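You will see chain A twice below: alongside chain B first, and alongside chain C after that.
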Partner chain A sequence: MGTNQPLTLSRRNFLKVAGAAAAAGTGLIRPNSANSATPEAPSFESKYSVCDMCFNKCSLIARVRNGVVEKLDPNPKFHKSRGMLCARGNAGVRQLYDPDRLKSPLLRKGERGEGKWQRLTWDQALDHAAEQLLKIGEQYTRCGVMFMAGADMQSTFVHRFADVYGSYNKLSHESMCLIAGTRGFLDTFGEVPIPDMQYTKYVVMSGANRFEALVTPDSMDLMKAMAGGCKLVVLDPRYTKTAALAHEYFPVRPGTDMAVMLAFAHVLITEGLYDREFVEQKCYGIEQLAEHVKQYSPEWAEKECEIPAEAIRRIAREMAAAAPQAMIYPGRRSSNYRNSTQIRRAYAIVNALLGNWDRPGGLTAARMVGLKSPGYDAPFYESNPFERIDHGVAKLMFEEEGSLKIARDAVLREEPYPVKGFFTYKTNPMQTAANRSKTIEMIRKLDFMCTVDIVMSDTAWMADLVLPSQAAFERTDPCSAQQGSSACACVVMRDPVVSDPLFESKPVFWMMKELADRLDLGEYFDLSIEEYRKEQLRDLPGAMDALINDGVYYNPSKLYGVYEGRIFKTKTHKIELFNETYQQMGLDPLPVYESPTAPPKNQFRMVVGRTATITQSSSQNNSLLQEFEPENDLWIHPDSAAALGIHDGDPVTVSGKVGEQRIRARVTRRTRPDTVYMHTGYGVLSKGLSRLQGKGACIAQVLEDGLDEISGNMAMHETFVKITKEKKS
Partner chain B sequence: MKTQLAMVIDASRCWDCKACMAACKTANKVPEGQWRNWIKSVDLDLVEPGGGRLIFQPGNCMHCSEPLCIKACPTGATYRNEADGTVLINRELCIGCGQCLPACPYGARFRHAELRVADKCDFCAERRAAGLEPACVATCPTKARAFGNLADPESEVARLLKRNESVQLVQAKSPTDPNIRYLGNPGRTDWPVEAQMPSAFGFWKNVAGPVVKIFVGFSALGFGAMLAKQLFLPDHPEEDRQPEEKRHE
Partner chain C sequence: MKKILSLILGIVLFLTSVGLVFAYGDGNYRKGKYLFRKNCRACHTEAGQAKELSPLSKTMAEWEQAFKPETAAGYPCKDEWAKLSESDLNDIYTYLYKHAADSATPAKCK
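And now, the complex of A and B:
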């Protein structure tokens, strides 16, 4: 077009322009004429690290560009995870860069839980903490401070600090998770077996949800085994995704799993299907067991568990046919019932009858990893009491884990002695311990509570002093040993992936060191993580090179037949079907079935569970994971809902003996008519979790805190609730 | 040798853990509320508990050999990469008109909420350039996804297809010859919808033949209008045909 042309287009000129545009539109200005475009390779660095989104500790590769972690990929050389990274692992980037991260030490100014904070410098914060620890120590003895650390590669330093400070009162998260199962298997086999899922042919899974609550390598190996013909039978009051993918699913009546196991034992023994040679050589108490399970026929069990007798009989026979490559899956979280230790012992006994111990596709012994635990001699404090605060209630409590249930009651009663200090690291009992009101009450009894975390969890929200911890990718961490049956016996470690930790965050190791210095205990922390690792690896030449080059070190230790020529670490030196120690302690030497109380009319048993995008209470505020589970709802069966006039999506009140919550109903056939369910970790009190405000309900507020009196595990499936429809808001 | 990148997915190994979706979102900086990939399933609430083994079906853009999205694109922004057979979007050329969205039977396309251009899976082109597998493939816990060159008989995908029966998800009225193959039984196959092609385009492209190249130019004004709309008007969520995710699944 000439410059003198009017600005209106003539028809002729328009066509010219349009033609050019059309030509453009049909390809002339495409990236290149051959229609092949290869983007430039991104110039990121790849660095090994270890995932921190749950307890599994999967080795991973961080892709870092300009000092920023852009993507996390699985480490293909890491067999324990089978070279995978789950949704939570992928969301680890969002954890690192979470705008909700704690930015500086904070001192409570208002009432507990009021959310008024004063920013402190690190010196101020540590001086204050040291002063409080000294004061409580002087007034109430050193055991007057309770320490609790979750699953973390630096938790060992919190325990070391507790030891040298002088408190026996060290707790882990495990008394709200797995210690009943650990106890039950330990008291049968003398150690806690690791299932060899990869080579198994038949799995009965009861009280576990392995395709949602991912455990490495069990979850992956089970799927692989199933592709190769392994059969999976799932017993669960909820229709989980594991149930949906199983070959057979039975909506077992909650709390009756032991009846099924005893009936399996009944069939295996009465029909002579158990591994006679194995049991004769390696087990103690088959006669007593045979006599004991006579009463527990499949027909009897059917009335308890609502699984047809014919199916129980058939499954027992099928297991026997597949044995020793068959198993009752031991499971992990077993904080369910008052008798969970005995329930899990029944699982262990059926496994022993199948003769699957120490064999491919069965339950394998722990393999040698060879990592050392650098020791130290803690000072002795004369004024201290003789025992832990939670001593003497649960007959077989693990001293190294403790029992939050018992300890919390003891703090409240101030008996056997007062505990006035509480130090927590990376654990969130406000959300994970049943009966939240009681946890709050316990915290109100304290003179000083210090919480170390990366975000303002509900537990941090209740604390007096909150210290910002570094995220995993900012830290140098000790080595960590891992067991994976046929997958591996291995070691991982963590070096910083990013050079500058965000905000004023510090590793808890540094905090412990600084506090120890202030309490004249500096000699016990006169070490660096690098030196600590060297000690850990001192018997493993080449391990550090493997960790640097591959992100993982494997010990090619013996996997099967570990017990050949060896005795079992039990009193009778055999696998104890019948446990004499239990008998001497006044416990049932064989699991004795007690029928669980049925919920009263119009009430429901509440159960706890997980999904693949949720880790306890720590992942709900993650901006990526929240897209999958934005809030929780109450699962209720259509028949039960109809009887109460409740429709899908209705707001309801869930109320039990210890508390109530408002939540939306999800009317679904995925739960039994007598059972309701909600995810853990919502209904938060903390205003520091910006994406969770007003989202869902807190299950810990409703659950009663039952007690497994053998292990001290919290029993969280012992709650009956009423559901009431609310007016739509 | 010709290259045709493809995915072979064993849906029977999927447990609906969302790892592929989380990995994709992170790798490709996909905005909140939008996804380049999905996991289809029957709603578990509608299934009789215990009614047999279920199948979850992961998917993403199928990089079809006969893609309708290319035909629907008025600017040529959507094109087939001759080098590897992938269907890509040139963001420089995309005007965000949204014509391609309903042209995909799989709902694989959406309008990027921040960039306001069409977006979808590109088999992680940037990662491939760095020698990495697509994010969803690398991260999958059960290794349900295999990725590679279909034209290379030695590739894992080719070998899987040779050894096993496989199916394509084909919409009968809008066949596109997709390059995701499912091993065995992929579960639900009834969900792809008939492609909706922009009517003016369909008419001109199919009827008018070569003349179309000139007359398509009329649309230039339309492009301008679209561009203006794109830049100044708010998004209409109903235009985005994200695959419907069942609640909770």
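And now, the complex of A and C:
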């Protein structure tokens, strides 16, 4: 067993894990070794790796026979996923062996998006890319090239390349996902908390769908907590599977979550139910908050959110009774409304009133993992403009994430300066960014676009140069730190599971190194992944052995009471119920409720969501997962459908201000009468995704690209659409 | 004597003006990052001669204090400071202050 274990295992869990380890010792599980000890042992090798099917990066064991991965199993020693692997993870084999994988570098020959390509050698492709990067850099400064990388274990090398090339226009996917929530919690607690789901007793989950949009360990831990008596209350305009499993479900009116939170705060304060000692010692601004929420009674909130006042009052009291083992679940994707940062601030404030910070069953601080980020001294280019292209619009944008919404508008306007190059790695803004027509328009403004991916995504389809990346199981990757509250603070890494990468694919690290060499920047990439890892692990003796033997390294760092004797990393050094920085910047220092506009007559609000078998837009073409969701459809309430003469399965047109799509209707009570929904990632343009041709509709074509004015998050729930029944031909 | 007095006056004026510039923290923080790494990180690293430093090492108030002329005058590296221009020092200060531990945009370790 050794010492490589999370700190907080209960005795029961310890015995369970010990059992698994004992099983491993008998030859049932022996990663990194051929199982030839017993006559009945299977003739396959077992190798640790890390799942690549979503951002969670769960450790797994690949079963390899004759050099071919036949099956993926969970790593029982990986506590962040509680020793499990989801449906998407199991389907990772088909990502590796997808016949649609990109096979060689391709250069566009026809119009953008026309699908005419010329096959290039790697030298030709990299020479061409280097030439274009130099040309744009000379003509428009180095900031004239924008870089965007997804949540991949090698994305750090794309950022390093952008830094040394000299562009600070670096973007991630997160401005289409979670940065409003991150901002809201950071600006309250001084860091982004990790919910301690396993030991909580009461959860209010608003606008999150944790039993479908899986997050490890939250999804598993909540299920276990509920088995032990934890109550789950779900607020969602859609009756999700999480809602179906909840003790109470309220189909909240979209965009009114803040009203519910402010009413919770009203009850907690007016009835004296909040944690007085905690708030007095650790929070700033209770007087201002108390005065502010006087106006937000449950009776007032009922009119906004359509949740009965008595239920709001009761839930607030129940939370207070369960506190500090009670929480408003912080959630993940918060790219919803133009005031999503303030909505999430309201979530954070109620958590502070419950006094659940840094305590079991509440919100925990990030634990020490101890992984180092190897630094580098990037050159400074005097000719560069002073700021990023997306600077100055959102008041508190995260530099390291940027804002695709703002950057895209800036590229289109060519202000504050022209950006004519775009490099993307394993991210697909053509499908994940609202207003696809605008993304296409932006791409058409470019002189050069290079996309690195495993398959011909819609984004690759629009590029000038497409470079084939290796799949995860073919790569040597850096170590990755993971936070899992009571489950772990841990490190995972990836070594090749198969020895021969398919086709001509290469890792993006190699591409960056080759491009750096061609641009006289080779000194910044004078390293191997092995050396990089060694640097990452330099303060963690024994970590590499643990990674090799167990597939995971655990840092037994402190979980609760991390803030004892420490200040909060905020301006007042306390939890900021009232945020003075916001006030100085002209922002509301306390969340002020604004009623969302109701959809015009015969129109519907469109919302975004997830299922358990789809990761944004990257998994729909997977041959196993496609069996679960062959195509998307439009969820519409029976009353609304009846008023429009629409029956289940009818083809309809969904039209909004920025675009329209054809799709089949799914008439269901699982959505409110004023709300419609469709899955993300269908209606593709790329002809390189063979299983998705003619399947479903593209939500990005219909969604308007609103903006959260504080964080720069794209606001995707601000779209109203008309639904029209298609005439039968 | 006059020379000494004018030298002292000159130093006081210089430090005061530098202090005023720093008080604004309006330098180029990107250049400040580059200059910090180039000039300070030679010693202020884990294995260096001086205490490891990054923007996260201090709060905004602590960086403000650290860059006050009277504080800086006591540093073992005061001679190195003197070689930096006002503009460079302001860039470095702006970088450190903007990404301090309790700032709205705390630095990511790199």
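Operating definition for what follows: the second predicted complex is superposed on the first by the 686 of 729 C-alpha atoms of A that agree within 3 Å, B and C clash if a C-alpha of one lies under 4 Å from a C-alpha of the other, contacts with A are read in each partner's own complex, and residues count from 1 in each chain.
In this section, a contact is a pair of C-beta atoms (placed from the backbone, for glycine too) under 8 Å apart; a residue touches a chain by one contact, two chains touch by 3 or more.
Computed from a predicted model, the values in this text were never measured in an experiment.
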Name the contact category of A:Lys687: first (chain B only), second (chain C only), both, or neither.
neither
Once the structures are superposed on A, label A:Ala378 by its partner contacts, choosing first (chain B), second (chain C), both or neither.
second
Now for A:Ala91: first (chain B), second (chain C), both, or neither, which partner does it touch?
first
So, does A:Asp187 touch the first partner chain B, the second partner chain C, both, or neither?
second
Return first, second, both or neither, reflecting whether A:Phe386 touches chain B, chain C, both chains, or no partner chain.
second
Spot which of chain B and chain C makes contact with more residues of chain A, would you?
B
Quick one: is A:Thr581 in contact with chain B, with chain C, with both, or with neither? Answer first, second, both or neither.
second
With both complexes overlaid on chain A, does A:Pro251 touch chain B (first), chain C (second), both or neither?
first
Quick one: classify A:Leu396 as touching chain B (first), chain C (second), both or neither.
second
Which partner chains sit in contact with A:Ser219 here, chain B, chain C, both or neither? Use first/second/both/neither.
first
Overlap of chain B and chain C contacts on chain A, residues none
Taking the touch rule as given, give the residues of chain C at its contact with chain A in the complex, in rising order.
28, 30-31, 34-35, 37-38, 41, 59-60, 101-102, 104-106, 108-110
Touching chain B in the complex: which residues of chain A?
15, 17-27, 29-31, 34-42, 44, 70-74, 76, 81-82, 84-91, 93, 211-212, 214, 219-220, 223-224, 227, 239, 241-251, 612-613, 623-625, 627-628, 666, 668-670
Partner chain A, residues of chain B touching it in the complex
10, 12-13, 15-19, 21-23, 25-27, 32-33, 44-45, 47-50, 53-54, 56, 74-76, 79-84, 88, 90, 92-93, 125-127, 129-132, 135, 138-143, 213-220, 223, 248
As the complex stands, chain A meets chain C at residues 168, 186-187, 190, 372-373, 375-380, 384, 386, 396, 398-400, 567-571, 573, 581
